[in-house]
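I've put the structures underneath this note.
Across the two complexes that follow, chain A remains constant while its partner is chain B and subsequently chain C.
This part shows the complex of A and B:
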């Protein structure tokens, strides 16, 4: 592979990097177009604009408009039915300029080769993921998130695989790979294996979740480190955020991953040639594919780059957790049945058939109110924060983003007052039957939800199951109520989120103080809502419309009178 | 039913007149059949003309188009012709055996990028009255040297002399685009068409990538393109010429230069624009005899700027929109870049049956408004028998983009109908666009026999329009594919379960049970019995 082996190309790359290091305030569209044209690509641009539901304070943006530039390398003697994508997000704070330089150098090198069987799209996006989303939606001619963008002029068939590149500095000491995509989707494991192979071949230091790969699996250290990496992956996957531009490709069934060049101030440094060679190798391999990547796993957890836990191994864990809910529900059902029979027997000689239906009817009607009210709380939690942000900013001295987060928390907390306002509808007769029926419904509801979540995003399902299931199983209106209440609050979805944040930073060896943790929690809430509106992440609606109402039911059970 | 050249897999459709072969894709077959019924033939006379046109494309690439025309004044369909001279016997027999009226067969690898390369040079003849017409496309069929060799063997001079010397496989397949074709058609011998002759055109067009081999420079020579030079004309050819397009795209003249200087030039209106060609006649002794070889060179005087190449008046783009494996949408974008003239386009789509089209979702919009087609012909698909056929006549407003989209649902196939496990997906053949595009310059009617071959393939009916047939990209669609290892697992598991259950049940049901006396004694008793038997005493 002769990438950048000749001094001319190397000098050209240096010039590019210099040019890109000059301060720039927007994507240099015209320059990029010219440069891509001069290396012989078909160049197109796409402009897009998006108004976020409320200002994004972490990225400091609200009304976003930008331009994506992409060049298509047409494979000779191919009819543009398939393509590969190399994408580089480019933002105004010039953090990723090295990657743009490398992309252009690779484009120039690739253009001179004759072996391409698939078109290659070199995509430079503005406003990181927003640009990627705009481009992907336009490429597939769909509108999922309501972004406004100009239609694409050039296409190259079905995208088979994509690699996103982020280089934070010109010195790269290790390459980190991110696989977790939107809503916990993962690329085919073969793509990761491909990367791993070229890492080994090129002697590059590759990390997963920022963790070095342990070589020694015989002593305790290796598995422990593997466990740390695995937990980090679980947390990141559970968050449902796209961890890099690749995450958005996965929705369109394009296998994709993000490579991050990281300068961790180690002794051995790699120049961009090494990174370029890895990318070239990956693209040549992908180019030779005779099929979509489908032979390997789509559902896996990674304790290390070279090891994975397959779905067959981890799914039983979630299954057993959910079994608890099922058994508990069965027990309640039997108890309810016995209670019904008991009632009939005390009712006397009017016959079983006469008394049975009213007894059940009482149980069911008493459920309607709590179910409706908790579900309504969920809907309010989903709709009101974003809808009422302007009202909130008018009446309180807060910014929009803060208003949204605080409204979220307020509605969430207001839900806790629910049982006191609903017990008037509860029928006074057979109080035990009432809470049992409610708990039965709540258990089944929770089991169904967790089951569905675990099937699509195992990490999220497992995290929620591990926290919610034990408390949900033991909750009842008798016994040590304050203890149950404390447990329930600690295992509510919001508390799980807070706890996960602490755990995440702890695993990354950057522990949080309480105040920092709270701040991060607020940011995460805002980001979660934003990601739902901008990329279609499902975590926020899932929690607001599904799990929070369900959790409220248990709260309701606990305070049943 | 005639034998159709091609792979085992083929799908055919009856189509309205007006489609024929020119080729964006791998393989395209067109057959016109019918009873032959012409008058008596003159004594057989045949002639061969060969021609090479080199066209620098707007994008900077270079297209080379070979045409070899064999014309034979013979009644092939009627009488048992046994003596063949220039006309290849293999094709002649095909014509007489199956009463072929017309055949166009092309093998193409690559895609003609109209947007950057301009309208395709070689087009289908605008043929008229057919009795019966078949049209088929096989996307994703690889074209290789093994297709080129038999094609070359059809030439009278093979690749020994004349222009065909340049046909060196390793160079021809080192290009961006490669298309070889055979066109057979009857040609009228006189104005009233009382007698016909058979015309065989073998065409080959390639587009050389200026970037890959030119290393950034766009200068070309025959030797650099084909790694051969021309030495002598084919002795059997009555005409053997090389045309080089020296029209300058910019207004100022002389952007490119050819060497050696041409003796004559030829001017005509090709595809609506005025073109100038340098002509080299290989029969002209002055050209060959000076150096015993002719290495045409093409130099750009001014390097062509990076300005956008002139966009052709009509180009198209096609893609599948949507994601997921259930539904999708086929979208075709038709661009009319003419500043003030609208023109109609005939759009023909053949979509395989396993994409179930929802015809009610067919929408055609131009400039944000609905565009009602003046003619629609739709023939629904029949599962496993015939594809959807959708034909529309759409008026493209001036300077507009027209979007034709139709939604589809992906069908579930039978498990044997899936392609083998390593597959790219399912291909959808390109749509065909036929249009009369307004010319920039009015063309004069030409005399067929006298004008160059590349001009006579697409006769201009009236001077203000020219006929263009374009093909869009083929599409790749993924169908929901079951996990084929799953049935295997299920079969294995079921068999095991059945075997175990059945075995034990059968055992239980068929065995007769009886109470057995507990045997007492054991080893001692058996020993005693052995001794007793030896002694001849009955056992215990």
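This part shows the complex of A and C:
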């Protein structure tokens, strides 16, 4: 295939193969155990292994196995009923050594205090988020993602809150906070407010989405910057990826944040003492809590670190968009009803009984076929890429990951050819009004899906609604077909993904060229599938099994003969 | 003339003796909030407890209700202490705090049962308010409150109407002679608006619509230690000793708006005596009145008008000076521990010996010839 003819990709593959032969980086488990014990914690380890559905491009192996190391600081005078977690994810490509150092220093400092009422767990995980997921599943004694993890020997009570730390250098110019988690879940806003308060107290520079807060909200600059930050948050939340270990904690309703130290070219730098003070303050405040964080919002959007938009303000927007679908469906229902009444009136003169049953019977059966076929395409899109990767690699010179992505794209494009090939399935007696019934069903299906998605992950629901609702409402077989076809293709889920990638990089002030954007798109597709299998991210199944069949129905409506 | 003057003076003394009309004192001190960040409410109650105990009310006459244990809370960096001043100047927990109702026992129902006396027979004596019609009762409440209610433990509330009715029950059962009600919460004045029983005086830390503010946080402990109103009341009470003559008008002036930010209020319309005649120790202390007299004093029902029946006896007896209170301990000096002027006494033998040794060594070292520079 053309991909391997690209010299860049050939070189990348060669490098990967070379790395396969070299000894792989592993977590220094023994050293960590010794150091944590010398600090005075109760140290335990946990091993895990995971069979990946297809080898990830960066790791190039099917089986990932590792060891997590964690130390528990027991509260001196309290029963170990509640705990807090400070976690540092480690992996071979991103060195998080400074964070491990800070973790050990904090552990030593915390060990000398007597005012802890909750246990504190200091967790170092291997393989980034895979290790975190393994630890969390073993801690809560569930098996959600099919990872094989050894049971935990040391436990510390219900986790009230967690903070994840990622530092790449020993001086930082600013601290970036990530709140979006798996499937768009968010921590309680109080935790973010806590972080922001300590940033202000310590005079630390804190950013959200990599952007500083604008001071000037009276002129246009402030709101514009806020809008950019808000859009970035919407895009990140819609992707449903866990942007850090905190995203995996949120599934168990443990409020968590990820703090990233950024070392840019600013002149004023903070050393780790300042970061450590912030963390100490946060943990001490969390220690004072007697209940889980529940007073503030769980669903919000952030234009800035100290401003938020609550769900009561933004949900009506999605509601109005879905109302459009509902109104269009109502209009179609009225038109169908009039057509039925019109048939009655004309057929009233000549044998009404002969006309009625066939007219309605044909209407229903003509709907079932497109529905079933679209849904079958969706199922094929969900199952075939991963299932058929070995077959694809046998016949084509591609790696497994590329095979999966290419199969995805192939099935997606094959769906576009459906209306031309499935017309023989549909009964030839299908009346001209059949497309109205199909569109009615498709509109209701889309409205239901988008409504459910908007309730759990508002950003995803709104993004899809904003792109798909207008075209879905105007699609009909009459009128300029090429224009409608182009419009429908441009608002299909895959095109929305591509467009949002470009928008995301544009907002981060690192715009992409077309080729780069296409590569990023392919990577995003592979990551989406991989994350569905490893963490249970729902974007891939939602798009493949839910929205793609729905979109195909509209494509069928457009090409109705 | 002299005789009649002496008579009048004696009767005046007697009038003073029975001025307040109470014979025993009780205190009901209630802290209604739990959780570590309500440390200051427990500190408030304990500081009033400390003052009241210091001024003489024994534990058997104090009902102390604390909704949470701050001294032994795992979050307390100084275990077994509750501080009221920052920099840990004053530990109000001490060694002999007797808490009668603790933790989840502090409920509205238990509080009202204590006040009205409707207590199950199995209740121990320390948990009962065994007051009679000659008792002066001090009731101090603190916690979180609002317009017309006080919150107990995050789960229930007592309204001002319930409280007023409880006091009326107490009056009808003759469970108090006079009652002083102090409340330190937000919008505290709303709690005494509905009282309608006689002989009640009430003080509150803030008016309706105002919040009572806390005093100062301690950075080592991490919470606010006291509320402003009770802090200044505590400072005021530290100056009181059992024979102080300070009266209620001074207590009304404690914590003006400049210090307290909120406006403290008081209510005296139900009280029969003039507040300037009411001593602080009438409620906060347990002052026993003892007067030795050899005269017979005939008392009328109305202490305002007293017949002088002495004139007959006066002719028979000699003129004697009326005797005053028996010689009491110099309480002011003991409490404030001002440096007393002790009589000088020669130093003990050990000190003499030590000094002799030092002087000997000195002269041995420097030689006797230096003595002439001294003498």
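A few remarks follow.
Going forward, the second predicted complex is superposed on the first by the 515 of 561 C-alpha atoms of A that agree within 3 Å, B and C clash if a C-alpha of one lies under 4 Å from a C-alpha of the other, contacts with A are read in each partner's own complex, and residues count from 1 in each chain.
Keep this in mind: a contact is a pair of C-beta atoms (placed from the backbone, for glycine too) under 8 Å apart; a residue touches a chain by one contact, two chains touch by 3 or more.
These figures come from a predicted structure and were not determined experimentally.
Legend: residue contacts after superposition of the two complexes on their common chain; A:287 is shown touching chain C, with no touch to chain B.
Once chain A of one complex is fitted onto chain A of the other, the partner contacts of A:369 are absent, as it touches neither chain B nor chain C. With both structures placed on the common chain, the touch criterion links A:384 to neither chain B nor chain C. When the two structures are aligned on the shared chain, A:253 is found in touch with chain B, with no touch to chain C. Of the two partner chains placed by superposition, chain B and chain C are both touched by A:77. In the superposed model, A:171 lies in contact with neither chain B nor chain C. Judged by the touch definition given at the top, the superposed model places A:117 against chain C, while chain B stays out of reach.
Of the two partners chain B and chain C, more residues of chain A are touched by B. Where the contact sets of chain A with chain B and with chain C meet, they give residues 76-78, 113-114, 290. Residues 24-25, 109-111, 113, 116, 139-140, 173-178, 209, 211-212, 215, 306, 317, 319-324, 329, 331, 421-425, 427, 473-478 of chain B touch chain A in their complex. Put simply, chain A touches chain B in their complex at residues 34, 37-38, 40, 42, 74, 76-82, 111-114, 140-142, 153-155, 157-158, 251-253, 290-292.
Contacts from chain C toward chain A in the complex involve residues 35-37, 72-77, 79, 222-223.
Across the complex, chain A meets chain C through its residues 75-78, 113-117, 284, 287-288, 290.
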